[in-house]
Amino acid sequence: MRETIGITGGAARPRLRGGTGFAGAFAVLDQYIGVLITFALGTVIVLGMVSGSMIFGARSKGRRAVKDEVFECGNPSSGPARGRFSVHFYLVAILFIVFDVEVVFMYPWAIVFRQLGVPGFIEMLTFVAVLGFGLVYVWRRGALAWD
Amino acid sequence: MTMGAALFLLVAVATVAAALGVVLHPNPVKSAIFLVVTLFLLAIVFVLLEAHMIAALQVIVYAGAIMVLFLFVIMLLNLQDDDPERGRHRYVLRGLAWLGGVVLAVELALLLRGATMGGGEVPADYGSAEAVARSLYTDFLLPFELTSILLLVAVVGAVLLAQKQRRSSLP
Amino acid sequence: MIVPTQWVLMLSAVLFAIGVVGVLVRRNVIVIFMAIELMLNAVNLSFIALARARGAVDGQVVVFFVMTVAAAEAAVGLAIIIASFRNRSTVNVDELALLRG
Amino acid sequence: MGLIAVGIAAVKAFAVLMLVLNMSAVLLWVERKGSALIQDRIGANRANVFGVMPLNLGLLNTLVADPIKLLTKEDMVPAGADKLLHFLAPFLAVFPVLVTFAAIPFGDELVIGGQAINLQVAALDIGILYVLAMSSLAIYGVVLGGWASNSRWALLGGIRGAAQMISYEIAMGLALIGAVMAFGTLDMQAIARAQGHHFFGVIPAWGVIYQPLAFLIFLIAGIAETKRVPFDLPEGESELVSGYFTEYSGMKQAAFMLSDFAESVVVAGLAATLFFGAWQVPFLFRDGFHFPGGVIVALPHLAVVVLQIVSFTLKVFALCVFQILVRWTLPRYRYDQVMDLGWKYLLPLALANMLVTGIVIVSIG
């Protein structure tokens, strides 16, 4: 019973190669059978749910014009609904992409960095530092400020 | 035909259909949605090719991040359906483009049909996060570090381009 | 491998061709951009297929980098589109022939 | 064996989906009653059967009467809306959240007739990445729901929601990296098993002990991802009517509501797995309890498995209830405060947490 920080799972990792196989032809992908079935079941359940009111729901006759109007607190709506919006949202999305890629690079690193040791840690430090510089630039330029 | 091959064919047909949707649908938002579907289906193909890690990244980075940016821009600019094109030579050019595409696809397919490539056994941890990570952080160390600079340049450039030309809080 | 490598490469070829047609046929610059992403993905697919055929994982690492480059490209490319839209109010490539004067 | 394996997987998948759906429904009731308790009122307490008999059925009101009511509502699609996307949006909001649970283990192995069944729908090597991938798709439901409705409230809510979700996804991902570094794997069952021992024989070695800061960041980011108070800017009813699902009615609107609750369940499930020992019960091992001091209570295998499943369910439920308590305690943030919290506090904090974790692990060896 080791009491250091970070115990790697003592139990055996599940094998990638399942022994028996799905109908004999799917040996490698046994672990994804569950995902496939969940997707299928989930699709059926959610589709059934979303279309529930379309099938069982009440239907009103006539006078659709008023009822189908979009909600505007009782006033007739004016102008197009899909106006342009602040470029800030776009800046957030850009930052998101860049940092998402950074995070995604960190996951593979996080699982092997014990093997990589100190050099591996310094590599990631450099990577984070360069991107951290980007964050500081964006911050100081005011792209993160909402006015 | 095995179960796996049938699944591959099903996904492949759906992928091609979704890709055609990207190109054919006049509404940019729907085009983007079709592209998201294409990318998701490609992730399934990646799983079938035992690239588990890359499949997950495909969904996270492509379907979950890049396409969100596309949708944001389409909505930001409030783009409507593309205008139907007029003019006779337009139709000729379009026809030529489609013809060229079909020729390209057939040509590539014919070229690749003859190629003989092994599809043999691979190590047990092939495509796992650990295998990809080991390769990435030993053999591809320099590209990895350069990536950070690429991303830095991208974020600086994008913010410069997209922000309005007013003096910001930069001293 | 569940299917011959050639099948996957053919799928990749078809997707690439669709991307090419998209670039040629569409006039909306964002849709053209999306068609380019489609072509990138077709190439990614063949990288994955050939990595599997060779039994080496480095093809997958290359795909990793392609995704990163695609992310950077999307950020900058779309920023350019926004900037040009601000000046010209259009995303139609026929009207965006800036260099012609 | 092939077909039997598929059958078992199907049973597990169905059980997990039902767990998420039913827990969401129960949470709705807990929320109604809990908020009433907090605000010193009675709360939802009767259902009219055929318009004549007010009945107090308690939990059954939300589990049975509510769905029936919602099913019989008229399905509305506003004029000028994009019909296809309007239909697709609630689907895209719920589906990714539901399937996320496939990678989360709800128990250890169940051995029946010499055959071991892993109590996890899909024993994925990249479990955590799968969860992140699926939850990153949940954005589309929000964006498309807002865009397809052709209503300005909905559009504003959708855009706000998307920007908020992507902002907190970064903090969430970075917080999880600390946990991944501590355990050295992305496989959730392996992470669950690694939490099975005890420090000094008494303190369970749960992730929250290695990574308290990561847990805190993850929980805050998780609540923000579910778009609930104090982060409910996308739907904030006092400014945006109800945000991206303003123009939805009946079961479609219920789908959006469900997706919020199901997201709560997923966040709780993830937090329980990574930070609270998943299905582990303190001092419970494969053959029974081993209390400190040498007291051993042997238990049959089935009892152990049942205890583990119950333990996991209770942990998830407790974390969900905690989220509801937060929801009814704090007021809503302003939008700039929400974005600031994500980008200027949680993100640097998560990076720092990661670096400290790295330094500690490297210096220990």
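In order of appearance the chains are A, B, C and D, and numbering begins at 1 in each one.
Basically, contacts are C-beta pairs under 8 Å (C-beta built on N, C-alpha and C of every residue); 3 or more make two chains touch, one makes a residue touch a chain.
All values reported here derive from a predicted model rather than from experimental measurement.
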Selected interface, B-D versus A-C, where C-beta contact pairs are more numerous: B-D
Centre-to-centre distance between chain C and chain A (centres being mean Cα positions), rounded to whole Å: 21
Euclidean distance of C-alpha centroids - chain B vs chain D, Å: 30
Distance between chain centroids, defined by C-alpha means - chain A, chain D (Å): 13
Where chain B and chain C are represented by their mean Cα positions, the distance between them in whole Å: 6
Shared interface positions of chain D, touching two or more other chains: 124-125, 129-130, 147, 155, 159, 162, 166, 186
Where chain C touches two or more other chains, by residue: 2, 67-68, 71-72, 74-75, 78-79, 82
In chain B, residues with contacts to at least two other chains: 2, 4-5, 48, 50, 53, 57, 60-61, 64-66, 68-69, 72-73, 75-77, 126-129, 132, 136, 147, 151, 154-155, 158-159, 162
Chain-level touch network, classified as line, ring, star, complete or other: other
Complex contacts: residues of chain D adjacent to chain B: 82, 84-85, 88, 124-126, 129-130, 132-134, 136-137, 139-140, 143-144, 147, 155, 159, 162, 166, 186
Sites on chain A touched by chain B in the complex: 15-17, 22-26, 28-29, 32, 80, 82-85, 87, 89-91, 93-98, 100-102, 104-105, 107-109, 111-112, 115-116, 120, 123, 126-127, 130-131, 133-134, 137-138, 140-143, 145
Touch list for chain A against partner chain D, complex: 1, 3-11, 13-14, 16, 20-24, 30-35, 37-39, 41-43, 45-47, 49-54, 56-60, 65, 67-73, 77, 81-83, 85, 89, 92-93, 95-96, 99-100, 103-104, 106-107, 110-111, 113-114, 117-118, 121, 124-125, 128, 132, 135, 139, 144-147
Residues on chain D engaged by chain A in the complex (per definition of touch): 1-3, 5-6, 9-10, 12-14, 16-17, 21, 70-81, 87, 90-91, 94-95, 98-99, 101-103, 118, 120-125, 128-130, 147, 149-156, 159, 162-163, 166-167, 169-170, 173-174, 177, 180-187, 189-191, 193-194, 196-200, 205, 210, 241, 246-247, 249-252, 254-255, 258, 335-336, 339-340, 343-344, 347-348, 351, 354-355, 358-362, 364
Contact footprint of chain A on chain B as seen in their complex: 2-5, 47-48, 50, 53, 57, 60-61, 64-66, 68-69, 72-73, 75-78, 124-130, 132-134, 136-137, 141, 144-145, 147-149, 151-152, 154-156, 158-159, 162-164, 168-170
